[in-house]
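This report refers to the structure that appears directly beneath it.
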């Protein structure tokens, strides 16, 4: 298997190259097929890989392709590490990617630039696999920036639309801020560990932590900065809502299922480091909880179907961060997986709706689509139930695990649980607001648009994802409910170090408490759904009244707390303004001015000097005489000085 | 023995020389300029003769002879130029030599 | 006559031959120039294969030249100069080929200038005699001066005079320092030498090293250019013809950094120590300042010029880190910058040929019109902002890693430059290529011709080669930089302030055992 | 007596020299210069330089100054030709420079106290000077012939009226054929 | 009576007489410049043949040693190139400015120059200076139809006479202090103490000033720009190099031997400092090429004086080397200007605008000379500056050298402005047209000057060695 491992990212790369060079010649259809085939090959290989990991003695496989950067004591090779964590990730990535590729065949069917689209999508899968397979920080960084690039390219796929290009750029630049942290973390790591290889770093981490206090905290916080960028957490979440300018399958793949979870993956991967610096975990948890609640609140009032999902994604990523922060790394990854299923499904469903409504994304212009789009409706409903935490769907299992651990973990706190639960309620509410507004009630669709069910290539991935959204959680079914918590068990080798360091023990709390909390979370989820039903089905005038009553608050939330504007005024404008001022006022005026000033000084010196060359003989003679007088004066001084 | 102390001669030569210098600077008439130069040469001549006497060396007096020659040659060339100036400008005002400057 | 002499003098001979070439047909002239530069490039490849990593100066030639002054014709190539020479020969071929259609007047002089420039640059890179270096260093000004001044844009005369004046002002002071050092090497009795290798062991007193280093550093800092000596660069680039910009950004600027590596720092390590803080600060300012200036440029070339200021700031940072990682990165980044920025100027030249404007506002949305051009530009832009997988990343990463080990705070501030780089480059790309086609004229731009593509492909290939498999490059430059470090680190040079004090790597185990062995609690904090 | 002669000659020379400079009439200036030359010749005589004194009177005062007079008269200059001073400040500058020079020289020279060696018999006479001139100083003496030749050549070039002087005001030799 | 010591001068004098005779015989219808050039060449050969001999002659009045021979050769180089320039400028007319008289004067002047460098006695120097100067005055004013030329000649003469007054006064003072005119006797007379005699120092300074005038050192330079601008261009080409070389040679001999113990460095230092400043800065505003080169010449005198200030054998040899190159490049530059002027009647920057397209060869030559004057390698200008400044640093003149390079940097502007005009300005009506009449002579001058400029820049070793070997004899 070791030998095959490197082919895992190879196939999408091949697909990218083929489509990149020959896509235009082949035409749309072949391009799509090549892309799907390459990802499918990867998926197949990852299945084998998964099996291989399970049977491997050490629980991990490594393969080194070639030395990449070698100079002095710095050594980084392009090499892969396959352990349970990355095995899960490659399965999720290739699996969901494959489905979304297939979906794209239909969704992008009419776009003339399809080859470009598929080549980028392939490239994304390649980089994502590099990211999750990396066995050192540097290769991970390749993937990390690579997926950012693909995100940029795909958000701006419809490059004629300025808003799309702007959004792509925003995504890239904001991510770069995160990457700034990530790269500094790598510098710090190399500085203190003298290696960037994961396993070596983790092995040395305890001694480094003992020798250099504070270092791991710094590393952890810098890595976290990177993670907040990629995973759209406070304070760097702002790019994700804008990223919805890209094609919907892209949103599903990159901005919901895979890329945005890279931050979660990275923190989980570095769990050993974080565990040795518990402060950082607390920060992770706080950021996660805050983001979850904050984003959920913004999702409440969005009218764009994709924006709702975008904020929902941010919120759910907050959950994952919360899980990581309380030391429940496996739970975080578990939620990552289930979220990938149902959120991808939600996006694809939304895409299906948008497709059907000829690119209409405004919820206020939908309604009553249930009849015309049954497959979409039902799959969407399943996903919504899953995200709302209704048992026994996948979302319930993973989310409940997080809530429980945030309460029960030694690193947890009841406030975390409370925030998580409130968010769960909000989630249920806004998801069903979405469902009700889009699929139920009167149709508000424009008259010239005739909604229709999507083609099979789009519907089948929906169904597949729906199935996964239902059963995907069962592999981690909690012990309390008679499950085997098999998922956690599978990942244990990866998080063993961290668990031991944190001295986590599960048995402190009674099972009764766990049941109780579980019940509470189910109940609030149902209450949320009920409230949404009340507001959007039973008495649709009520939201308007509330809007009127809390107009200030509503506007605040509707405008996303003015955070974009805040960043714009506090960071972007000052920098550009500073540039403008400095360019004119300093670069041109002072620096260039100094250079030109010296030249000008010389010129005016010359102008003045030339005037003294009057050309009059008598003046020249006088100058001559003055020179002589000065020289003789000097003679006098010298002679007298010598005489003395 | 010198009739008067050496320094008297030297100061006299200095005065004549300086007068020559001053004359060159303030004279407007080119002829006066030339004569001022002659004054300077004569101041030097005085020095040469005095020093020849002081050192008992004829070299100084011989030098005066050469200075005379040079003065004659210079006068010839200088007066030719003077004539040329006069022909071009109709004047021998040294301040009229003012085309070239800068 | 060794290979290095061939490399140095072949172009100038070809240039002279071209000037006296009887024919006037364009095809002949450009064909001659192309063949000459291509032959030169092929010959230079011999260096790549014949070079023994870590072998010090190789292909050495040493002849008496002006023995009265201890001046010899001494040339040699080592890991520091190898890649720069190859870059020069490659970029010259590209510059020649890219000028076929851009240059319409005085072609003989133009191509001859390019060839003369090649001689000057290669000579400066290969000289191991300081006098010889200085000669080439100055000689290369003349062809560049003509390239900008005769074949440049609107304000070409202002730009070229500024370029020459700036450079001369700096290098003349360096001349004084060179002469002083020469006299020092002979004990002020006139029997000194200009042999660089002898100069390395002079042991000049620290007080003299200070001003000597300052004089050298000024010359090189202007060439680099470091903040605040950079204002000639935007003017020169904006006005220069495309190939001139390629050569200017691609190789001429490298001479500044090369000068620091080869001359200023190893000759005067204590002088460097004295000025290290200043240089660090100027480099960091240059990185951030250049990037911010870039954000508001309205002319594409001027934008790239300011981005060069930022990039060369990184190069300087890597040198000053005085560790192998940083120095390697810096040297590699010099190559990278030559490739990327060279390619960017090439691309700008191509589009300029079509539209005769470099104003960003005159473009917009041309991705749809010229996809190949746009993709090439995008790739180069991404390399320029240091995307992993491209050459820019390897260099920048090593530089920052090295710098971080030397001066963490400065390195951290510099890393901000990486963020800003993404900002200005992508913003440029957005404004030029994306969005709707604003100006109807742009609808009909031709895409790249085969010839233009041919000039770009080697650069694109190198971008990925160095980005993905940089080892052949790193292996060739590494060993010589190691001996370079030994030379410059004769004194412990890191005297950072307390708030930015680096810790040389000590294995944590050692720290722990030390702490355990002695008073507990004494170790631990770095 | 010797002192008296020195003082008279010196004062006459200085006064005459001042008038050479300041008189407006060129002819009178030339005459005053002759007075200076003669006064100096008196001093030369006092300093046992008979031959030189004679040359001073015959050649300098006699020949060269006559040449000056001749030119002045030939050009027939009027007195009113020179207007008010057109170079402001030159007087001040000249006074300062000359004053400084004079002061410096006086300070430098006033300390000189060398006593002359007694002059040998015939020192400065025609015979001794002539011997010197055709002895050790033969080479410079011969050079004066070249000097005079050069001066003659120069004067010829300068004084020559060219034919075809119609095309003028060009600073080079290329007149159109 | 050692005629071997003055053989080259005899040849030159013979040449001058020959030309006068020829002038009468040919009625001024033949271009006699070639003959003058031949005689200079012959004199040069004479110098080369006895290069290593030391010939003392005429009661120690002259000393023809290697030093003198080196400077003779430099003078002949300048004179030869200037002669060819004047020959090329001959317009084929009877009674041309550049007729027999011109060349006779030129040869006479060169004899005077020779006397400055072979003279071992202040009397010879004084007479030599006059033999040198009188012809120059006439040559400057030679074209008496031109207001400018007459004015130039008048100013040159008046200043020259004024300066010779100072020189003579200085000679008299030195004589008074030492009792002799002979260099050796003067040098020996104060060997006991540094400067027991204030008169000697004052006299030495005044002699120096007399020659500073001749080489146009600031503040004794006022004549130079006007004379350069007003005099006929081939004449200026002659002025630019040869007399300067002679005067510098004499100054070297005086400062290094006769006045070796006098503290004259301070004076030289300041004149050098001022010359570099004034020459380079004033030149920035010049639009007339001849005036520009006049200021450039002042600046170069400043550089030479840096070497003089350094006061050592190495410095002296570097000065000799520098002057070789300077002779070639400055005469070359004036030759180009003469050629341009012949075709276009003007010598402003506008008259060379776009010259590169009309006459690329001449334009390239002028560019080369400009680069050489700037001091850009691989030209003689660079090698010369290198040698000069290097020696100056050996003597610890760091401040002066830095000042020198700073103003060299300033000079880049005005030299390059000429190059800018040649290649980068559009052609104007004033630009010299493509007439190639009489360009053969110029081609020879320019080729020679360019070859020397490049040769001295690229392979200076033998010339440096020659200069050094020659200067060793001085000490």
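As written, the chain order gives the labels A, B, C, D and E, with residue 1 at the start of each chain.
Basically, a residue touches a chain if its C-beta (ideal position, glycine included) is under 8 Å from a C-beta of that chain, and two chains touch if they have at least 3 such contacts.
What you see is a predicted model, and the numbers here were worked out from it, not measured in a lab.
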Applying the touch definition from the top, give me the chains sitting in contact with each of subunit A and subunit E.
B, C, D
In how few steps can one go from subunit B to subunit C if every step must land on a touching chain?
2
Where the centre means the average of the CA atoms, what chain is farthest from subunit D?
A
D-E versus A-B: which has more C-beta pairs touching?
D-E
Which chain's centre, taken as the mean of its Cα atoms, is farthest from the centre of subunit E?
A
Rounded to the nearest whole Å, what is the centre-to-centre distance of subunit A and subunit C, using the mean of the C-alpha atoms as each centre?
36
How far is the middle of subunit B from the middle of subunit D, if each middle is the mean of its Cα atoms, in Å?
4
When centres are defined as mean Cα positions, the distance from subunit C to subunit D in whole Å is 69
Between subunit A and subunit D, the Cα-mean centres are separated in Å by 100
Where subunit D touches two or more other chains simultaneously, the residues are 87, 90, 93-94, 97-98, 101, 105, 108-109, 111-112, 137, 140, 144, 147, 150-151, 154-155, 158
Overlap residues in subunit C, where contacts from two or more other chains coincide:
165
For subunit A, what residues touch not just one other chain but two or more?
599, 610, 613-619, 621-622, 625-626, 628, 632, 635-636, 639
Output every touching chain pair, sorted by label.
A-B, A-C, A-D, A-E, B-D, B-E, C-E, D-E
Under the touch definition given earlier, write down the residues of subunit B that touch subunit E in their complex.
10, 13, 17, 20-21, 24, 30, 33-34, 37, 40-41, 43-45, 47-48, 50-51, 54-55, 57, 59-60, 62-63, 66-67, 69-70, 73-74, 77-78, 80-82, 84-85, 87-89, 94, 97-102
Per the touch rule above, subunit E residues touching subunit A in the complex are 154-155, 158-159, 162-163, 166, 194-195, 198, 201-202, 205-206, 209, 213, 218-220, 222-223, 225-226, 263, 266-267, 278, 281-286, 410, 413
In the complex of these two chains, what residues of subunit D are touching subunit E?
108-109, 111-112, 135-140, 143-144, 146-147, 149-151, 153-158, 160-163, 165, 167-175, 177
Any idea which subunit D residues touch subunit B in the complex?
2-3, 5-7, 10, 13-14, 17-18, 20-21, 26, 29-30, 33, 36-37, 40, 43-44, 46-49, 51-52, 55-56, 59-60, 63-64, 67-68, 71-72, 74-75, 77, 81-82, 85-87, 90-91, 93-95, 97-99, 101-102, 105-106, 109-120, 123-124, 128-129, 132-133, 137, 140-141, 144, 147-148, 150-152, 154-155, 158-159
List the residues on subunit A that touch subunit D in their complex, please.
614, 616, 618-619, 622, 625-626, 628-629, 632-633, 635-636, 639
